[in-house]
Each structure stands twice: as structure tokens, then as C-alpha cells.
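Each chain carries a letter (A, B, C and D) given by its place in the written order, and its residues are counted from 1.
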Amino acid sequence: MAKRILLFLVISAAMALTIGPAFSQDKVYVNGIDANFPPFAFVDKNGNPDGFDVKALDWIAKDQGFKVKHQPMDWDGIIPSLNAKKIDMIASGMSITDKRREQVNFSIPYYKITQVLVALKDSKLTVDQLLDQGNKVGVQRGTTEAKWIEENLIKKGKKNFSLLYYDSAPLAVEDVVNGRIAAAAMDDAPAKDAVKKKPVRIVGTFGMPDEDFGYAVRKADTELLDKINTGLKKLMACPYWQELKVKYELD
Amino acid sequence: MEELLFIRQDVLPALLRGLRISLMLIIPSGLCGFALGVFVGALRVYGSPWVKRLTNGYVIIFRGFPLVVQLFIWYFGLPHIGIYLTPFLASVLGFTLCSAAYHSEYVRGAFQSIKGGQRLAAQALGFTKLEMIRTIILPQAFRRAVPGCGNELIYLIKYSSLAYMITCIELTGEGKVIASETFKYTEIFFMVGLIYLLLTSLATLSLRRIEDKLRIPGFDNYNP
Amino acid sequence: MLEYLTAIGDALPYLLQGSLVTIALVVGAMALGLVIGILLAVGLVYGPPYIRALFSMYVWFFRGVPLLVLLFLFYFGLFTLVGINISAFTAAVIVLGLISSAYQSQIFRGGILSLPEGQLKAARALGMSDGKAICSIVLPQALRLSIPGWSNEYSIVLKDSAIAYALGVAEVMARAHFVASRTYQHLPLYFTAGVIFLILTYMGTKALRVLEERLRIPGYMR
Amino acid sequence: MRAMGEQKEVLKVEKVTKKYASKEVVKEASLAVNEGEIKVLIGPSGGGKSTLLQCINFLVTPDKGRIWLEGKEVLHSQKKNLYEYRQKVGMIFQDFNLFDHLTALGNVEIALLKVRKMTKKDARDRAVAELERVGLRDHIRKYPAQLSGGQKQRVSIARALAMDPKVMLLDEPTSALDPELITEVHAVIKALGAEGMTMVMATHQIGFASHLADEMLFMEDGIIVETGAPAKLLLQAEYARTREFCAKLTGRYGETR
């Protein structure tokens, strides 16, 4: 009895360790997504990856003849994950920045994103007031808006507010609703998603320049980047692109 | 060279800042957790039946829910019933309640390990119940609980790394923020790990000294 | 209230599927921890001084560093340092397993040390080699004695596995988070995740208690 | 010998009954002890001697029965009354029950400090004196685990004596001891008797008890079957059971002092 149990445990240990690599061994490209980033990437009711980027990439993959699988990941470690070959691409509402360009290659821009402040629906405060009076502002860790606010607003010390770091933008919105923070800084698309689901409103932009979303791949994978770019261009020219935008309520 | 400068100018100050917050989390949580644990442990042994049921229920829930889940509930859940805690307070509350549940297990075991004769003898001498617990039972139970509770403190040091998930940016959080900005995960988490190792080793050593100080001849043959 | 219940109902199947991932994490980690833990325990009790020193170092390290830090270190660091590429799931199993092995070694060591010395002596007197004596006389007894401690360790590993969510492993906690990001129902979802863990703890410890009863030797201690 | 009329009743126990589940361990046991008297409970193991002694001190709450100390009834449901009563009744246990975390001195001191609220110095002086009295002057700094069984029991006697008890209850004080250690404890108890301490003792050491006791009580199945002077009870008991038991015991323990 005891021996059989031991045997079972050893086998299951071995199996558990082989399940992981099995994922990356077949020739399917893995797209790392931040599943906490609706409407670009999230998990639907049945637990399947869904979202604007997910569906767009599915179309591109089909068009360019490769297979893709979407893997939810920890956002602030997603670029190291890409470079550590744990995933092969990132199509999950990632802003193209110079700093990131040092690490990865980006596709052509496919969506212009504006950073906005989200506050309570009945809050009368303006952007300037929100970023003042010792208020607290929430932001997702490892995002471009986090970095920009730190460098341009906090470090220069012009404004009187403090920054709180969250696991995801929706958690920051949750805390706006809780009244713990005055506002959350985030991309406008997920902000719109939040407005639909929570008693919050978009107050406006806070001076951060607009950014472009692009898909990221490893520097070495130029062939894959070409495929993605070709596919993306084709997709943006076809009516499905507009359909997707309508479906996920972008614009 | 550039690397070293970067570590000295950016990484170390951030990690030290984080360490300070970590300590500010660990110390009050450790103390309150232990105090509450002793209280709950005593209630679980000496309380009336419904007090026992209540405290046992508390322990089942707080030992059964993962700490991450508890922290999320304290921070994001309590506002649903109108209680707003700062990230720091929510972390301290979460750590305190969770570690108190564990402490109470060790304390309960310690209380139960004390032979009935000790109580009888104290009662026969005319001790009041409170005096008996204070002067006869507690000093003995305390010694028996120290190894287990000490372990729990080490756990607490390690689990304090979860506080960043509810925006209380402590050592691990600072590490994560810099790592995601600089992409130097390996180096930074290596340093973070070293700091924790230092903390837990220091705690282990001082706990061992406390145990030695409290040692009484013939009293240490106890297997939890 | 109704709103909470619908949120829970909608997410429940997805969360329950996640519990399979959680179980896989825990079974893998416990098994890995068991194998390494037994080796460590035997080494710590019977090994020569340098082995004992080495194994103590191992235990000291894995008990001294937070799981979260080790997770990041293994997940990213192993690739950077030695080029080994592992998935988040594998990293989580390995790290949980290594940490658990350090704790399990202490449980087994306690089990071995609580056996009367005469057991090993009697085995030697029968002409068994030390290895044979340990495998067929000491361990079968020591491991039986270790089941309660092991069951405790199971509940710890189970709860720790929730931390794997930080790497994006789609276990129960991560799934609760994903759904909450879409539906903005954070409280009921986290609570449900907690209850799932509570049930898993209960079922596991119950199973281990049954195992303990099955393996009990009549008239044996405890 | 004092005249009968002057004898003062220290302890009176009336119809004490204790049930565990449905089994009556003590059935309507009554006894009275006068000042300076020594009463010895004998009888087979499991006969209820130990439970009776613990009932007298309310360590086990009797289901029925009343108890008086120096003519005043003990109202054990009133905590204050109970604690005061217990201070005046010394209890010696079979397995000593020394406080394991305290030295010999600490064991004697603790109740003086915490129960009688004596000053540190007074408590210390008193404790040292009591330990000297039982011949443990050289061992006052040792912890229980460092003492022999006989020494432990002497510490526990010193601990009880320090409270100035009106009466001492001794529950088989030497039955957990190795034979060679019994004598030292017997010597202490004998000395106490000589000093006029009122005592109720349960024991199997018939030889020792018969020399010490003013009266012996034979207890079986929770009932005090027969009482009488040692000589009468041991040699010409009324009941067959008592005779049988005593014959066996004197045969076995007759020589022991």
C-alpha cells in the first residue's frame, strides 16, 4: 500500500514537471496576454481568452498560416517572459516605447491610445484638482502611464499627489469606487469598459502624450514579425477590423 | 562598473526603502498576532463550549484561506461593507489575523500539554483561576509554545512579501517595480532574496537565544 | 446579495476548472518535496558531517526566502543564468516542491529521531546493511509517524500555490482575478476562491487521515 | 491526651457523593477529624479514597454532601469562600504535582506571593524555613526534574505547610516512590504528626499507618465500610471484607515502616 502510494507520487511529480514543457514543444506560437485588460485582452465567461487583440491575432494567424495560443501572464514581467522564450509574442494592448524597443521589436502601430484619469461619477474635481491636494492616484504596475507619471509629475514635484501601484487597472478602478483613491490613471479603452460596469467617469487626459499600441516579438524573430506585420496590414484594410472595433466598443 | 553604479544609485535605496516598510509590517503584525494568538489559544482550551466553537471556526477559516485571498478581501472586500483600510493597515490586519490563527494552534497545544496535576496543585493551594493561569499555566505553556510560535514569526517575515499585491509596496514590491522597469529580474530578486535570508536568519538566531534563555532543566523534552 | 450570487454562479465552473490546476500544482510539489525531503532527512540524520552541513544549508536557504521571491528568481533567473526555459507552471511546481522538501525533511527527521534506537540496532544485528536497514526498517515506521505533519504541510503548500498566480498560472486565485477584471465583482470572487481552497484543504486532510488509519499498525504508538 | 470536651472539630464531611457517568465512585461518605487527629483511609485501589480526598478539597466537585471547616460550612459555589477554604487545607498528591517551571524554592514561594500576597522577603524566608524543615536545605535551587521522587514529595509537603494549613490531605503520598525513597517521606510525615498536625491520609502502607493513625477507615466501592482504631480494624474487624483485605496487606506490608 505504502509503496504504491509512493510510486504514484513519484510518477505524478514527474508528470507535473513534464506537462509544462509539453506546452512549448509543439509548434504553436504562444501569445502572452494580460487577462486583466478588457477590452483588449480578458477571459470570457467560459474561461477562454477573448478581446480585441486576441481576436485580431487569431485572424492574422489564420491568414498567415501559423497557430497561436493565448496565455495569460503577469503583466509587469511580460517582456522578460518574452525574452526568456516563455512566450513568443505579446498582443495585449502594449504601448510602443523607446525603453521597450531596447528589449523587443514592435509591429506597426495599430491603435492610438490616450491615457486618461478615471474618477467617481459624481466627483466634481477636474484633472488638475485630482492631481493635487495630496490626493492618491492609482496605476497599474509596470505600465507606461506609471512610468510617465513618476518621471514627469512626481519626480519633478510640481504636483501634490501620491501614486499607488496595483496589480491591474480594474483593481485601481475598484479602489476609486471604494473611495480610497481619487482617480486611476489608465488607457482610455479599458477606462470606457470600466465606465460601463462601475459608477465612474472619465475626467480627461492628464498631459501624457498619446501612445501607439503594437505587438511585440523577440528581436531575433524577424520572420515572425514580418508575418505579423503583413497580416496586420491586411486585417486593418478589411471590414473585419471595423467589426472588431464595434464589437469591443473601441472608438 | 555602470552596473555597480546603477545598483548603488537606484536599486539599493529602493530596496532599503522597501525593507523599512517590510519591517514596519512585520513587527506590529508579529506582536499583535502573537498576543491575539495567545488569547485565542487560551479561549480554545478554557472557554465555554460556544466560545470554543467560535474560536475554532475562526482558526479553520483563517488557516484555510490562502493569505493572498485574505489580503484581497481585507483590502478590496471590506469597502463593500463601508470599511476603508489603508494598504498598510489592511496588510497588518491580514497578517495579524492569519498568524494569530496559527499561533493559537501552538498555544492550544502548549496549554493542553500541561499535565492536569499542575492545575490541581494550584487549585489546592487556593489560587484563583486567573492567578493560576497567569503564574502556573502561562509560564509553562509559553515555553512550550516558543518553538512553534517562533516558526510562525519566520513565516510572517516571508509572507510579508505579499503586501505589495494590495499596493503596500514593501521589499518585494520595490524589487518588482525596479525589475519591471529595468528588466533585470535575476539580479534584483537575487538581492531581495538575500535580504530576506538575512532577516529570517537573524530572527532564527535570536529566537534560539530566547529559547536557550528560557530553558529549564528537564523541561525541554517536549515533542509538538 | 443577488448580484453577488449571480457573479459567483457565473464564474464557478471556470474557477472549479482552476482547482484542477491547483491540485496538479500541489500534487506535483508535494511529490517532489517528498522525494527530496526523504533524502534530506536520511542525510541529516545518518549522513557524514559534510553531508549534514550541506543539507542544513539547503534547508536554511529554502526556509529563509519567500516563495514569491524564489518564484521570480527561478522563472526568470534560470533562463538568464543557465539557459533553462521552464513554463510558469513548471517553475511553480519546482519552487513549491523545493521549499516543501526543506520543511518535509524536518518532519521526516523528527519521525526518524522519535524511533527507538533499538530498531536500527536490531536490523544491523540481523546483518542488514545501513541502507537496507533505513529503507526497510526505519523509513516505513518514520513515514507513518510523519503523516500528521505531512498533512499539515499539504495544507500549507495548497495555500501557497495561490501565490503562483503572480506568475500568471491559471489556478483558482488567478482565475478569480481574471473574472473580476471583466465583471468588477472582486469581493464575491475572492471569497469563492477562498472557499474552494478551504474545501480542498478539508478534502486533502481528510484523505490523509484515512490513509493514516489504513496504514496504522495495531498497537503502535499514537 | 486532651480531655474529650476540649477536642475541637477541624473538618467535618457529611454524606459526600460523587458519580461519574452512572457509577457512584463515592457514596455518602462521612467523616470528622478533630484537631491533632490523624485519620487513615485504607482499602483496595479504585475504592474511592482518592476521589473522596479530592472531593473534600473540591478539586472534584461532589454531587451531594456538605463540608465544614472549623464549624463553618464551605460554600464552594462562592469562589472567594472556596479559595479561602483551599488555602487552609493542604493537599499532597500521589504524583507530587510540583510546578515544573519553578525551582524547589519557587514552588514553595509562589502561593505565598500570589495567593497570600506576602512580600518577597517574607515569602522567601518562610519558603526556606519550610524546605529546611523537610531537610532540603541544599536543594532549594534545583528544578523538579533534578530532584529524586522522595525529594519532590518533600518539596510538595513544604509547599503545603507554608500555607499554615488547618488540616492536610495526603493522597497516597509514597505510592509513586521507589521503596528506598519511602522512608524519607515517612519520616517527614511522622514528624508532622508529632507536631500535632491534623491529617487525613490515604495509603497502602498499613504498617506505617497503623503506628500513626488515631483511627482507620476502610473504604471499598465508594463506601466507608468500617472505622476503628488501627489495632481493632487490623486484627478484629467486624466485616469479612475488611478482615480479608487487612490480612492480605499486613502479610505483604507488615514489616514496612
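Annotations for the structure displayed:
To be clear about the criterion, a residue touches a chain if its C-beta (ideal position, glycine included) is under 8 Å from a C-beta of that chain, and two chains touch if they have at least 3 such contacts.
Fair warning: this is a prediction, and the values are worked out from it, not measured in the lab.
Between B-D and A-C, more contacting C-beta pairs join the chains of A-C.
Nearest to the global CA centroid, when each chain is reduced to the mean of its CA atoms, is chain B. Each chain's centre was taken as the mean of its CA atoms, and the one lying most distant from chain A is D. Note: centroid distance chain B to chain D, computed from Cα atoms, is 47 Å.
Here the CA centre of chain A is 33 Å from the CA centre of chain C. Rounded to whole angstrom, the centroid-to-centroid distance between chain A and chain D, based on C-alpha atoms, equals 80 Å.
Note on chain placement: the centre of chain C and the centre of chain D lie 54 Å apart, centres being C-alpha means. Within chain B, contacts with two or more other chains are made by residues 76, 165, 176, 179, 185. Under the contact definition stated at the top, not a single residue of chain D touches 2 or more other chains. Of all residues in chain C, those that touch two or more other chains are 72, 76, 80, 166, 186.
Taken as a graph of touching chains, this assembly has some other topology, since it is neither a line, a ring, a star nor fully connected. Pairwise, the chains that touch each other are A-B, A-C, B-C, B-D.
Considering their complex, residues 60-61, 63-70, 72-73, 76-77, 80-81, 110, 114, 155, 158-163, 165-166, 173, 176, 186-187, 190-191, 193-194, 197-198, 201-202 of chain C touch chain B. Within the complex formed with chain B, the chain A residues making contact are 76-77, 79-80, 83, 103, 138, 141-142, 147, 164-167, 171, 174-175, 177-180. Every residue of chain B that touches chain D in the complex is listed here, in rising order: 115, 117-118, 120-129, 131, 134-136, 139-140, 143, 216-219.
Contact residues on chain A toward chain C in their complex (touch as defined above): 1-2, 5-6, 9-10, 12-13, 15-17, 19-21, 23-24, 32, 35-38, 42-47, 71-74, 77, 80-81, 84-86, 167-168, 170-171, 173-174, 194, 197-198.
If you check the complex, the residues on chain D that touch chain B are 54, 57, 59, 79, 83-91, 93, 95-101, 110-111, 114-115, 142-146, 156, 159-160, 163.
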